[in-house]
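Below, chain A partners chain B and then partners chain C, in two separate complexes.
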Partner chain A sequence: MRNIFERVKQWNTLTRIWHLYDAKWQDPFDSAKVIQKYLKGLHKPIYHPLADCGDHVVVINCKEIAMRGDEWRKRAYFHHTGYAGGGTYTLAWELHDKNPLMIMKKAVYRSMKGNLQRRYTMERLHLYAEENVPQDIIENISSVIPQLRDVPMRLDRMPEDQVKGYPKIWDLPKDYVVR
Partner chain B sequence: MLRSITGMNNGLSFMKQMLLSANVRCFSVAAVNRVKEIIVTKDNKKTIIEGILKPSDRVNLLLDPPADTNHEACSICRLDVDIKHTDVLILSQFMRSDGGMLPRRVTGLCRTQQKRMSKLVTMALKAGLMPNLAPANSKRDPARRDKFKKNHRYFDESTIRPPFRMKYPEDRSLH
Partner chain C sequence: MVFTTVAQFVRANINKIKGPDEFWRKRRIFRLTAHFIGRKRNCYSLAIRGAHRALQYATKGRHLKKKDMKDLWLQRVSAGSEEHGVPFPVLQKGLIRSDVLLSQKTLSELATWEPRTFKALTQLAWTKGVEDGFNRIETLGEPPKNVVTRGMLTKEVYLSDDETKK
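Up next, the complex of A and B:
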C-alpha cells in the first residue's frame, strides 16, 4: 500500500458504493448503458462475471427524462397477459403517465444481457420519480455519476438583464415595426 | 458614406460601386437603425394610433465583425459558430414576441442559414425552451401541454439536412 489514495481506491473496489444519477433531461436509453456498468461493477479493475462486485445506483428525477424527437409517441411497449387476444401496445408517453419509473427500469433491464444474474443486478437499482429520496438511502450515497447531456436553460427562467444584455448578432432594419 | 464620396470622382465607378454595394449590409458605429413602434391609445369616442421612431435597443450590443470578415456573407455565416437548438439567447433574436420567425427580408440571412435557423427555432419551441415567446392564447407552461407534448424532448441537429451545416469557404488569398 503506497499511500492513502491507493488505500481508498481499494476500499472503493471491494465495497459496494452507492452512486447518484440525476435523470433530469437525460435520455433513458443512453443513461441505461452507463448505469448498467456501475450496477455490474464493470468500472472496477477486479471485475469478473462471477465476482459479486456491482454497486448500487440511485436514480432521481425519473419523471423528468427526455426523449429524442418523436420518440414519446413512436416507441411502443408490448405486454401480453398470456390469454388469447391479451396483447397490448402502450406508447411511451402513456406508460410514463401511468408509472414514471417504468421506462427507466425497462431501459436498464434491456441494456443487460438476459442471464440469471440480471434480476439480482436490478435489485441494486433504486429509482425515484422526483428528488425526495428516503433518508436511509441518501446516507449511503458517496459518488455521483455525471450527466450525459446538459440540462437546457429556459429563456423565461434566465435573468432578464442577461437576456437583454446578451450580444446581438444583427440589427433590426430601418422602419421595422416592433411587435 | 465613404463609398459614395470616393465614387463621386468617377461616375462610372460610382455606378459600379452602387451596384456592388446593393447586397452589402453596412456595419458602422455612426449609423443608427431606428425601429418603429405603433402605440394605440383609446379615449372615449377617440382612438389615437401613432407610430414613433426610436433607436433600436440592439445598437450598443451588436457584435463587431471579425477583421477578415467577408461583407457578402450573412451575419451567421460570418460568425462561423455551430448553433444548437438549446442556444435560445441567439435563436430568440430571430423571433417575434408571439413566437413567429422573422422573414428573410428582415433578418438579412442567406437562404441556407434562414432555413437552418427556422428549423432550430422549431426544435427549441417544441422542446418548450422559449414558452414566453408564444401567441396570446398559449398555455405558456410546457408541462400543461397535451399528451406526448408535455414530456421533455430534445433534438439532434445532425437531422437537419447537410447543406445547412456547410461552412463559408476560406479565403485562399490570406494564406
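Up next, the complex of A and C:
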C-alpha cells in the first residue's frame, strides 16, 4: 500500500457495491442476464466461483417491465401444491397483477444455474414495484447499471405544444373519415 | 540352481509366482483409500473398487482442471475489458492484430494486479479496431486519443490545400 488512494482502491475492489437498475420498459429476461452477472460478481476481474464477491442489485420499477409480442398473454407460470391435481398455470399478466415483483424475481432466479449458492445470491437482489425505495436501502447505492434499451417517449404523455408543433408532411383531406 | 522337487522351486520363487506378500500388496491399496468413508476404506474387495474409481476420476479431473482454469481466465479478462468499455472479442482481435500475443492467463493476471497496464491494452485494441474498421465498433463510443499504433505512423497524411500553402 503506497498511499491513501491505493488503500481506497483496494477497499473499493473488495467491498460489496450496491447497484441500481431501473426496470422501466425493459425486457425482464434480458435484464436478468445482466443483473445476475452483478449478483455473482462476474463483472469483476477478481471473480472466483468459490469467492463471495457478488454485489447487491436494487431493481426499481418492476411493475413497468415490458415483454415482447404476445408474451403477457402466452407465457404461463407453473405452480404445484404437491397434492394430487394441485398444478396450476398462471398467465404472465395474471401473475403480474397479483405480484408485480414475481416475474422479475423468477427471471433472475432462472437465469442462474441451480446450485447451493443460488438462494444466497438471490438474497442480494432487492426488488421494488415502484420508484420509492426505503431510505436504508437507497443510501447504500453507489452505482447504476445502464438500461438495455432507452425508454421511448409516449405520445399521450408528450407536452401538448410539442405535439402541435411537430412538422406535418401532409394534411388529411377534409372528407376523410378517421376510423 | 537345481531344484529336486516342484515344491522347492515354488518356495524359492514364491514372490515371482504369487506377487508380493499379501499384506504389503493390500497395504498399497489401503494407502490410496485411507481418506474414504465407510467400508470402502478398510474392506479390501470394496477398497480396491473404490481406488480404481478414484483413479479414473483423477484422470478426468486433470483435464477438467485445465478447462476450468481456461474458463475462469476468460471470464476474468472479459470482466476486466468490459470495465473499460471494450467487449472481449474486440480486445482479443485487436491485440492479435497489434502483435500483442499475450495468453489468457497473463491477461487475467494483468487485469487483477496491473489494472493500468490492462487498461492500456484495451485502449490499444480499441484503437486498432477503429483503424481496421471492426464490425459495429462505432457503438462503443468515442475511441481513446492517447494511443499511437504502428499503422498510424506509416499512414500517408493528406493535407488540405490551405495547409500545403503554409
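Here is the rule we go by: the second predicted complex is superposed on the first by the 157 of 179 C-alpha atoms of A that agree within 3 Å, B and C clash if a C-alpha of one lies under 4 Å from a C-alpha of the other, contacts with A are read in each partner's own complex, and residues count from 1 in each chain.
Keep this in mind: a contact is a pair of C-beta atoms (placed from the backbone, for glycine too) under 8 Å apart; a residue touches a chain by one contact, two chains touch by 3 or more.
Because the structure is a prediction, the values reported are computed rather than measured.
When the shared chain is aligned, chain B comes close enough to touch A:174, but chain C does not. By the touch criterion defined above, A:98 reaches neither chain B nor chain C. Of the two partner chains placed by the overlay, neither chain B nor chain C lies in contact with A:80.
In the superposition on chain A, A:47 makes contact with chain C only, not with chain B. When chain A is checked against chain B and against chain C, the one touching more of its residues turns out to be B. Looking at chain A, you'll find no residue that touches chain B in one structure and chain C in the other.
Every residue of chain A that touches chain C in the complex is listed here, in rising order: 42-49.
Only residues 25, 27, 64-69, 72-73, 91-93, 96, 149-150, 152-156, 158, 162-179 of chain A touch chain B when the two sit together in their complex. Interface residues of chain B facing chain A in the complex, by the touch rule stated above, are 33-38, 51, 53, 56-59, 61-63, 75-76, 79, 86, 88-90, 92-93, 96-98, 106-108, 127-133, 140, 147-148, 150-156, 159. Against chain A, in their complex, chain C makes its touches with residues 72, 75-77, 79-80, 82-83, 108, 111-112, 115, 118.
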